[in-house]
Structure formats: C-alpha cells, structure tokens
Amino acid sequence: MVFLLIFVPLIIAVAALVVPSNRWRPWLIPLAGVIHLGMTVWTLSCAHPVAGLQGWLALDPLGKLVLGLISVIFTICGFYAPAYLALRPERQNRFFCACLLGMLGMMTLVVLSHHLGLMWVAIEATTLCTAPLLFFNHSARSLEATWKYLLIGSVGIALALLGSFFLAYSSLHAGLVPTLLLDDLVKMAPQLSRPWLHAAFVLLLVGYGTKMGLAPMHTWKPDAYGEAPGLVGALLAGGVTSCAFLSILRFYQICLAAPEAAFAREILVFIGLFSMAVAAVFMVRQRDFKRMLAYSSVEHMGILVLGIGLGGLAAFGALLHMITNGVTKGVLFLSAGNIHRAYGSKLTDDVRGAMRRLPVSGVTFLAGFLIVTGSPPGGPFISEFTILTGAINGGHYAVAALYLAVLAIVFIGMGTTVLRVVQGVPSPQAASTAYRDRPQLVIPILIFLGLSILLGLYIPNSLTTALHDAVAYLEVKP
Amino acid sequence: MSHIVIHIFLLLVMPPLLLGVIGKTKALFAGRIGPPVLQPYYDLSKLFQKGTVFSTTTTWVFRAGPVVGLATALLAGMLIPFGGHSAPVSFNGDMILFAYLFALGRFFTAAAALDTGSAFEGMGSAREVTFSCLAEPALFFGFLVLAKLSGSLSLTTMLDGAFPLGAGVAAPSLVLVAASLFIVLLVENCRIPFDDPNTHLELTMIHEVMVLDHSGPAFGMILYGAAMKLFVMGAVLLRVVAPFELGNSWYDWGLFMAGMLGLAVLIGLVESMMARFRMVFVPTFLVAACLLSAFGVILLLR
Amino acid sequence: MKDFIDPILVVVLLLNFVALGASRLRTLIQAVAVQGILLGFMIVMAHGSFMIWVALMAGATVALKGVVIPRMLFHAVREVVIRREVEPIVGFVASLFLGAVGTALALLFSKTLPIAHDHMSSLVVPASLSTVLTGFLILTTRSKAITQVVGYLILENGVFIFGLLLMEAIPFLVELGVLLDLFVAIFVMGIIIHKISREFSSVSTSMLSELKE
Amino acid sequence: MIFLIPIFLIPALGGIYGTEYWSQQAHPHNGRKLRLFYGLVTAALATVAVSANAILFLVAWEIMALSAFFLVTTEDEDRAVRQAGWLYLITTHISTLCLFALFAVLRVATGSYALGPLPVDLASPGIVTAVFILAVLAFGCKAGLVPFHIWLPSAHAMTPSHVSALMSGVLIKIGIYGLIRITSWLPDPPVWWGGLLLILGAGSGVLGVVMALGQHDLKRLLAYHSIENIGIIVMGVGLALVGRSLNCVEWVVLGLAGALLHVWNHGLFKALLFLSAGAVIHGTHSRDLDHMGGLGRVMPVTALCFAVGAIAICGLPPLNGFVSELLIYIGAFRSLGIGQALSWPAAAFVAPVLALIGALALACFVKAFGAVFLGTARSRHGEHAHEVGRAMTRPMLVLAILCVGIGIAPIVVAPVLDQGILAWILDGTDEVPRVATLVPLGWVSLGSLTLVALLGLFTLAMRKRITQGGSASGITWDCGYAAPSARMQYTASSFAQILGTLFGWIQHPRVRAPRVEAVFPGRTTFKSHVPDILLDVVLKPVFRFGAKLLSSFRFLQAGNIHAYLLYIVLFLMALLLWR
C-alpha cells in the first residue's frame, strides 16, 4: 500500500508523458487524484500500522494529517486542472501534467519517509518538479520567477542536507551508531551531542524554512506564486509548504525528545512572529493580488511555526491551522487564477469589480479573504483562536498581543487589495475578454470553500482525535 | 387647596404685570412717564381680538410654536414653589422636567421661526438655541448645588430654605448660583444686556426676531408665554436669593408678590443702566455663568 | 588511507580560493570539476576499503561532479555566453579577502563544536564549512547565472565533504538519490540559463530583477 | 432579553419599509442581496444575544458584522460607499480580534468556552482587568463609542436608510449588550471602571453631538447622534458600575434602568428618524440639508414622524427619550446624597453634561428639522419631492406611536427593566429596589398627560380666536425686501455657524470662503466641511504615515537574487550565534 501511494502517481506521470492528446491528457490528473484519495482514505481508515522498508517508510499520526490534506487538495485541484488547461489550448501541457503528478508522488514520499535522507531527496524532488510548473506561462517574468525559486530553494535545501548530516554526526559524536532514521534518533535523542544538535536544528530550520517560505527566506515566494498558474499556487501553498512544515516538525520532535525544548521553542516563536511581521509589512499597499496571496502564505507559515513553538494547545491549533489554511488557500488561489484569466492582469490598477464581472469567483475570493484572516465561521478562525488561547494559556502575553496586532495589520493590508479587486465596476475592456465563470472552474473552489466553512462550524471527531494523536506524537516526553 | 388655586391664579394673571413694571421702571429711570403698568394686559387683549396673517410657506409647525411655548411655560409654573408655598405638582426629579419643558417650548418656537423661511427668523432661532446650549449646563450646575445643599430631588424642598449642611456652608455656593441664575434668566428671557426686546434692528435681536411673522392671537400667546417664563424663572431665583417665610401663609403670598415686583424693578434697573452687549460676547457671559455655578459645586467639595 | 584526506582537503580549500579569484569562467568551472574529482577520491579513502558500492559511489561522484556537470556548464558557456568573464559584484581581491575571513570563521566555529578526534581527520569540519561559505560567497557576489550555478555546486561540495564523516550512516540509495537530485537540479538550471539567454540576450542575473515590490 | 425586543421589532418594520424603499424593480442588481443579508444580520443579532458559548458568540458576532458590511456596501459602485464599507470592516475586525483575546483570556481563566459569571476564586485582578479593558475596546468599537467611532458616520450615511435604521437602532446596541453582559460577569469592579465608562460616555455624548452640528448630510448628522446617544447609554452603565463598586444599589438601578431604557428608546426613535430620512431621500434624491426645505407641506406624514423622532431624541417631554434621560439624571442627582468625598462629584457631573448634550441636540435637530421640512425648497431636489407610499409610512407611524406610548406610560416597561437589573446584579441577595419606587413614573405620566391636555386646550382656543378674528395669508415678511427668494433662507450651515465657531476647536471645519473684494462682487461659492476629528484629523495621517513607513521597507524585496541569498546567510549566522 505504501508503495502504491507513492508509485501510482509516478506511473500516471509517466503515462502523461506518453499520452499524445493535449486535450485528454489533463484528465489523468483528476484520475490520479481520485485513486490517490481512495487509497489514502483506505490507508487512514485501516487500523494496523502502515510501514515499509524496515522503518524507512511509516505513516505516523502527523503524516496522516498531512497525507489527508495533500490528497484532498490535490484531488480538488485535479478537477480544476482540465478546465484550466482547456483555457490555454495554445500551451503544450505534457510536462505540466507529468510534473504535477510527479509532485504528488514526491509529496507522498516526504510524508511517508521516516529516513531523513530519503525525506531530503523527496523534498528536493518536489522543488525540481515545481520548476516546470512555474514556467508554464513561458514569459520572461515566469522565467525569472522559476530561476529564483530554483536557486533559492536549492541553496536552502542544501543547507538542510548539511543540517541532516550534523544531526547524524551528533549521534556519532555521542558514541552511538550514526543514523538518519527518525525513530532511532528520537529514541536516542537524550544522548545526542547538544552543540551539534543545536547547529543541526538551526540549519534545518533555515533550510526547510526556505522551502516553507519563512521570512527572511521567503523571498522566492511572491515571485513564484505571482507568476505560477493559480492551480500551482494552491498546490504549493497548501501542499508543498505543508510537507516542508512536516519535515521541520520531524526535527522539532527530536529536539523535544533531546530535551532541548526551550531552545527550539524560542527560535520557532521568534521566526513565526518575524515571518508574520514581514508578511504584514509587504502586504500593505500591495498592488498585485497574487503576490499578496504569497505574502499571506508567508504569514500563515509564520502562524504555524509560532503555534508549534508555543506548544500544547497552540500546537494543536497549529496543526489544525495547517489543514484549514491549506483548504482556504485553495479557495484564494483558484479564485485569483480565475480573476487573473478574466482580466488578463493581476494588478489592482486594472482589476476592478470582480464581483460583477465574475459572480462566483469574485465572491469566493472575498469569502476566502475573510476566512483566511480569521473571521468566524471559517476554519482558520478556530485554529487561529486556538493558537491565541494557547499563547495566553502559556502566559505568553506579549506574544499574544503581537500576534493580534500583526493579524490586524494583515487584515488591513490584505483587505485594501482584495476589496479593490472585488468591488466597484469593471472596466469595459475587462468585460470584453472571453473568460466566463464555468461550472468546472468554480465547483472546485466552492468545494474548498465549503470544506473551509465546515471546518469552522464542525470538526469531525475523527479529525480531533487525529490532531490530538499528532500532538501527542509530536510532543514526546523525554 | 386654596393655595393651589391662588398659585394657579397668580401664575395666570401676574406675568404681564412684571413686564409692565419693568417698562415703567425703565421709563422712570429715563425720565419719562412711560406706559401704564397694566399696558401689557391691554396689548394682550388687543392682540387676541385681532385677525391673523399666515405666510404661505408655513405649516402646522408655525401654528404649534406659540401653543407649545405657552403650554410648557404654564406647566413649568406648576412645578415651582411660589414663596414659601409648595408647588401644586412636586415629585423627585421635577427640576429636570422643569428644564426640559422650557427646552420643548424652545424647540417649537425655533422650529416655527424656521418655518417662515425667512433669513431673519432663521438667524434668531439659531441664536436662541445656541445660547441655550450654554445656559442649560449653568442651570443644572445650579440644581446640583441646590440638591446637594437640601439633600432633596424636588424643587419644592430644594427651595424651602432649609439647609441641613448649615447656612455657613450654603451661603457662598448660593451666592454664586444666584448670580449664575440671574444671568441665565436674563438670557433666556431676552433682556438687556443680552438681547433687546424693543429694538427694531432685526439683525441684533434674538427672541423678538424669531416671532416677527406671528400676528394676532398667535403673537399674543407668544408674548403671554414669554412673560410667564420670566415669571416662573424669576420665582426660582427669588427663592434662591431670599428663602424667607413669615410664618403666616397669607403673608407669604404677599411677600412673594412683593419679591417678584422687586425683581422686576431690578431687571428694569439693569436694563436701564447697561447697554446691550455685542452678540459675540454673549457666549462669554454664559460660559461665565456656567463657571459660577460650577464653582458653586466645587465649593461644596470641602 | 585516511592520512591522505587532510592534504586533499587542503587542496580543496585552495581550490576554493582559486574559484574566488578566477576571472574567467573556464577557470572557475575547472576548479569545481577538480574539486568534484577529489571528492570522489576522498570517498574511497574515507571508507578505507574497496567495496562495490563504495566504488560505485565514488565513480558516480567523479563522473557527475568531475565530468558531466562541468561539461554541461562548458557547453552552456559556449552556447550562450558572449563575454567569458566572471563579472563580479565584489572585486576579486575583496572576494579573496572575504574567503579568507570565511575560512577563518569556519575554523573558529568548528572549534566550538566538539569533534570526535579518534574518528576522522580534524580538518573535515572546517573544510566543509569554509567550502559552504565560499559557495555562498560566489552565489552572492557573482552576477552571471552560470557562476551562480557554480556557487551552488561548491556549496554542495562542502556539504558532501561533511558527508565523508558519515559514510556508515548514509545509505547508498540515499547518496545516489542526492546525487541524482543534484544532477537534475543542475540540468534544469542549465535549461533555464539557456532560456534566459534567449529571452534577455544576456545571462547576467542583474537583468532578472523585474519581479519586485 | 431586553435586547431581543428591538432586535425583532425594528428589522421587521424596516423590512416592510424596505419593500418600497429598495424595491426589486428599482434595484435589480442588489435588491436580492440586500434582503438576504438583512435577514442574516437579524438572525445573527438574535443569536448573539442568546448565545452562552464563546465560539457560538463569535460566529454569530462575525456573521452579523460581515452581513452588515455587505449591507453597507450595497451600492459598491460608489467610491464613497466602498470607503465607508472598508472603514467599517477594519474597525469591526479589530473589534473581533479584541473579542478573540477576551474570550481566550476567559477560556484560560475558566477552562471552558461556556459563557457565564466568572467565579470569584478564579478571577485574579489581572485577568479581570484585562477582560474589562478588552471588552471596552471590542464592544466600544461596535457601539461606536468615542474614540472608536470612526466607522460609524460614513457607514450609516452610505447604506440604504432602513439598513441605517437597523444598524443604528439595533446593531450598535449589541456592543452595549456585550459591555453590560461582560461587566455583570466580573466580580468586584473597582471604581475606576465606572469612572472610565463615565468619561468615555461623556466624551462620546458631547463629541458626537458637536460633530453632528457641523454636518450638512442628513444621515451623517443622524449617525453622529447615534454616537451621542451611545454616550448617554454608556454614562448610565458607568453610573451603575460605580454604584456596584460602592455598594449603592440606587445608582445601579437608576443607571442601568436608564441605560437599558435608553437602548430601547434610541432604537425606536433613531429608527424612526432614519426611516423618515430615508423617505426624504427617496423623495428628493439628495442627502444634503442645504438642498432641501419646505418638505413639510408635500410630505406631511414624514414631517410629523421626523418631528416626533426629533423631540424624542432631544429627550424632551412627553416622549420616551425624556423618561430614560430622567432615570439617568435622577441617578446622578441621587449620588449627591452619598457622603464620600470624591465619588459624588464624579457621578454628579453627569447631570450638567447631559444638559449640555440635550441642549446641543436640540439645536441640532431644530436645524435638521427646519432645514428639511420647513421654509421653502432650496433647490430642484426639494421641488420634485413627493410623499412616500404606505409601506414606508406605516412602519414609521408605528415607531412614532411607540415613542409616544413609552413617553406617556413608562410604568408599563418598568417591570421588564427590573428583570434586567436583577439579571445584572448577580450577587443581589440583598433587596434591590424596584425602578418604579425610585422614580416617580406616575408623575411623569401625569405631567405628560397634562401637557398634552394643555396643548389641546390652547390649540382649540387659538383656533377659535383665529376663526373669530379672521385670518389671511401672504408671503413671509422680509423687512421690506422686495424680491425674496428661497435661496435667501437661513441654511443649515448658517444655522450652526455660531455654535461652529464656539466648538471650532473640536470640529476643525475646513472652510473655503470667498473674499469679498469689489463693491459688486461676482458670483462666488462658499464651502465648508466638517471632517471627523479623530478619523480625518488624527487617524488618517497616522495611517498614511504608517503605510509609508512600511512601504519604505520595500527596497528589501527589490528583485535582486544576490540580496535574497545574502539574507539567508546572514539569518543563518544570526541563528547560529543565538546561543
């Protein structure tokens, strides 16, 4: 089963390279999504532990959350893909489809791998798969974005590799058998050499933080999200970043087991707040609404890291936030993609009155904005509120105050841009483009939106249990 | 019961007399003989006989102005103790009703003035409402002092001359309040030096300019209501300044009437001796009145 | 065998300085290629015995880092570059100075970390760190896209040097995966450089600053 | 409970009104949307008022806030509407964030999301104070208390009128509801809480009415009066809170009864005023006071209703506004009996402040009423006005009758107020006096009835005299000027001019006045505009500066990949040196 989860998308990716028809090929994406989702559901529901390759691959409670999330996001995005690609008949989509599917396989591998080296390989592979996706538009701007993404991402990940080596060396130094197997490392964590562990954690945080888009390593994000199709943005912001987050969690787990919690928490809280603040700074007076979404992603990655750093209830909130944010980002990126298609521009100078021009996408864009900024009754509201409660519960009053202040600035900054886009009257040339909201293009968005609101109103028991399991798994007591 | 009848009788009959006394005082002071003291009664009866002219721009508001003005003044009069006698209507918080009744009257008088659509009347009503904005706090500071001194929330007991805290505590505050109330009285009843009821220069008037367009019985009602307002406020001031009682209730009535006439003479004297202030100084004096009575409150803080 | 590692590491460090001081693209790429080949040798030496997978690993490293990737880069240079100078943002002398400072820092920093002396040469950690820093230096101070690729390669070399300490811990498959990833990354970068040169008729990344706030 | 009645009453009446005011035929694009959110906001309001769980409260709260946002932006093609909506959205979101913090603190203190009184043993002073401050911030934003009122004028002015009625009549009251609820849960309030509320209330009251005086947009004017009335209500709450700290039950009863009754009353008469204003706007298609005039003759019902609302809002007898202000007044005067040296003047200053507010409100409403309904039309807008249909007049009449009803027979509502007060005083084991025993409501009724009787009598008398004496009609006497025109009337702006100069230091009017140079000056214009002191004079420049400051960090993301890589190195080194 474990292998199937990884290889089915890869096989379909190969098939995508082979299928000749530009028109039918995109349908492989929802097909892969559905199969993957089905297998995921089956895996999640079966009781016995899923593992393979002598502990190299295993599905732990954290992995379950992320696996479910990426599978759902990919499937919904998958159904959006054929309609989107049909809008771009002039573009050859062979590599696009293949890379998308390859990305799914690699993300699954990241989630499942319990060997830190293997995980590194998988994450680098997602980076490489993403590059052609970003380049889909073949414009000078997209070229530039791809270059920056690739170089910054690779450099960051190289640091993560160094960090992984440091970690292995810390076990070696302690006179243990050097290993990169997660479970072994957690077990022997208390004996690990502290200076090496510290250095390793910092390197890994910077490395995978680059991939996740934490400030100040986030610089590729606005460029990449700004130039990529909305579909890719949704997958990056909801899926790939979650995978990077997961990999940070893996190392955090080792730190907690070490026990070096104080050190790790301090750094995570600092980076979290710093990312939120940087995102807020750049969201103010942002004219490009896709770049704005990128900064929003930076902000929410900051929230995730902050919540984990605060620990306890806030960690629960952070894991929930990973899911709610991922789903809501789907709403935002796909809506933004539609708006971009309809207006042929993503600058607020040109884009006005989206609610009139695109009755569905415009409204979902606005709704997504409100939900992602934490307005009840959206999913992020519950998670952000839980993180706040966790912060106050832990006595971090200053952190809570900063958190709220940044949320307010972000709301103001983001709202200015979003309202400019959705309200008002569209210009005549915007109304004349061929694009119209079609069911295929909006139903995936509506599903995302429905999920997002549902999570705000009602969290299923199974999800709550899964989250509690994950927190318990993460915050092992030494 | 008989006291209530007397109260109502005095309230209905005596107000124009005050106007007559003021006019006579001014005339005598200027060395003229002046109109008879009862002249206001003649004026009123003449006005009530006359026909009325209504402007084509006016509505029911214009007609309501005089009616409300008179009715509120009358009702307010019922709340005030005349001399040592308690008011016919007295309950906790009646001073607020007292103040707000005049406000209601003002609302309609000013609205009626605006109803004519004339710039002059508009000017008058603007001035009226503006100056009352400053007069009201002064009045309420005064009430605060009285209520604190008497430990009561009703005008009758507030003004009964008994001060549980002792006259030594009361006197300084009362002097300040009396001064403040006198200013308020002059302003609210459009007397010199704040307003000139006799001038013909519309631009300089406050109250008179508001009623330029009223005629006949309506105008009569306005004059009557204005006189009653003067009377009622005078009665309050009188009790603050001189809360004396003679012991015999009938003598008390006599003392009250004498006091009111004395007050009228005082107003006449003030009007004769002072020139009208420039309009821009009126607010300054009202603020001063506010401060006077506010100091009255502060003195009680000891 | 392990005794040879130290001298080789010194050569690697010297190559860092060559890379920093190189004014011609060819020199730069050649320096990296030599570094790659030395890395392959060191794998064998670090392990101390000839096993099949060690030989395979070393062979793959030499082939990729020493031959294939440098050839790809040379090809790219021939293909797209009109001017074959390095075009530094910070001058060569200054870069060399910074590189020296970086190496000193790396030495100092590795002093603060406890090192298992009996296990391996004491030069591995500082050499690795200083190579990483050199990589960063080239990445941040050279304006051409190709030089940045080279910088990335040097950075990776630094990481690989550290990996010498952990031959037992890192399974063969993972090593191969890492190498494969590296290769694909460079390959994709090469493609992009090609596209950039067509798009902008220059490979200087200073042209690539269209996307900004 | 007390809040539910207006929550259901006013939207219902507004809904009927809306069928004509914003009919589907006239507004095909947004009519449906408007009605959807109108219903949604009502439901959410009711949910907020009954919810006993923090999460439910927040969800309902936000649905309410967002629906109101969509109501405000009904006509989003208009730039001013968009700005108003945006401003509203920012403030309401900040209020929501404060609520987040509030409920998070409560949750930490009690360990659950259930809302209820905070047990004394769990309440450390720090937590209680934090909750109180956050409550003032959050609910103050919603209620439009100065200095959190910035959103209110433009939001009220830009919405359809029945929505303004709903917002002003009910929505902002939910802020008061929250404040009253939260304060009732907290044990042992210190005196400064009440003092703070008194000061904020007084500030809102005076500032609101002074700003209202400067307006010449009818609905903005009404909106500023909402701020004023919220101030009055908060003063009542503050009085009650001070009373609770000092164990003076009478203050509590009077202050809270006044506040609660004023919540009702303001709901009634402000809704009435907004609906009347809506009728005027429907008839004239303008909101500018200086364009109107003389509508009393063409729109008699509306004029009557507006007059009733105006009298009620000024707190004049015999209408309902008087009763609630009377309660607060008596509460303030009662404080005089208490011997404590510094507490009674603090409470007692409420009385003169209320008097000042009342007088200013009167000035303002004479201005508004006069400028809209009296005199003659000042522009084309006014000339084409017509009376509105029954669907609009009937709800207004119902509200007017209710205003009169409460004014004349306040005793009817006293038991309900008693219930509310008992619910607020949780530890009310000792005897709580009834409202009716503290305030002579019977006398008030008697006074009001006498007044009405006198009015009737005098009216009859005058009518008789007039018919006997004969009457004629002619044009207004203009002191002999031969060619009067409608434009020579005193305008709303000129009406408020003297007060404007008195309060110029608060209003900061922006005036563009012509200089008269020649003997026969040419055509010229005069413009004045009173910006909101906090928003336009203080906050906007601050925000602009803030945005500029933040934008100055833009250079960090200048597109240079070398710089980006450098950030990574530097950050890495900084973190390595962290310990």
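Residue numbering begins at 1 within each chain, and the chains themselves are lettered A, B, C and D in the order written.
The rule we apply is simple: contacts are C-beta pairs under 8 Å (C-beta built on N, C-alpha and C of every residue); 3 or more make two chains touch, one makes a residue touch a chain.
No experiment lies behind these values; they were computed from the predicted model shown.
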{"item": "Shortest contact path, subunit A to subunit B, counted in steps", "value": "2"}
{"item": "Most remote chain, CA-based centroid, reference being subunit D", "value": "C"}
{"item": "Chain centre separation in whole Å, for subunit D relative to subunit B (CA means)", "value": "33"}
{"item": "Between subunit D and subunit A, distance of the C-alpha-averaged centres to the nearest whole Å", "value": "45"}
{"item": "Separation of mean Cα positions, subunit D and subunit C [Å, integer]", "value": "69"}
{"item": "Overlap residues in subunit B, where contacts from two or more other chains coincide", "value": "none"}
{"item": "Subunit A: positions in contact with at least two other chains", "value": "147-148, 151, 155, 199, 222-223, 282"}
{"item": "Shared interface positions of subunit C, touching two or more other chains", "value": "136, 139, 148, 205, 208-211, 213"}
{"item": "Which chain pairs touch, all of them", "value": "A-C, A-D, B-D, C-D"}
{"item": "Complex interface listing, subunit A residues touching subunit D", "value": "147-148, 151-152, 155-156, 159, 198-199, 202-203, 205-206, 210, 216-217, 219-220, 222-223, 263, 266-267, 280-282, 284-285, 353, 355, 370, 373-377, 381-382, 384-385, 388-389, 391-393, 400, 404, 407-408, 411-412, 415-416, 419, 423-425, 456-457"}
{"item": "Touching residues on subunit B, where the partner in the complex is subunit D", "value": "48-61, 63-64, 66-68, 70-72, 74-75, 78, 89, 91-94, 96-97, 99-101, 103-104, 106-107, 110-111, 114-123, 125-127, 129-130, 132-137, 139-141, 143-144, 147-148, 151, 153, 202, 212-213, 216-218, 221, 283, 290, 294, 297-298, 301"}
{"item": "Of subunit D, residues touching subunit B in the complex", "value": "293-294, 296-297, 300, 303, 307, 310-311, 314-317, 322, 325-326, 329-330, 333-334, 336-337, 341, 344-345, 348, 351-356, 358-360, 362-363, 365-367, 369-371, 373-376, 438-440, 443-444, 446-447, 450-451, 454-455, 457-459, 462, 465-466, 469-479, 484, 486, 488-490, 494-499, 502"}
{"item": "Subunit C-facing residues of subunit A, complex", "value": "115, 117-118, 120-121, 124-125, 127-128, 131-132, 135, 140-141, 143-148, 150-151, 154-155, 158, 161-162, 165-166, 168-169, 171-173, 175, 177-180, 193, 195-196, 199, 222-223, 226-227, 282, 291"}
{"item": "Subunit A-touching residues of subunit D, taken from the complex the two chains share", "value": "55, 58-59, 61-63, 66, 73, 76-77, 79, 82, 85-86, 89-90, 93-94, 96-98, 100-101, 103-105, 107-108, 546-547, 550-551, 553-554, 557, 559, 561, 564-565, 567-568, 571-572, 575-576, 578-579"}
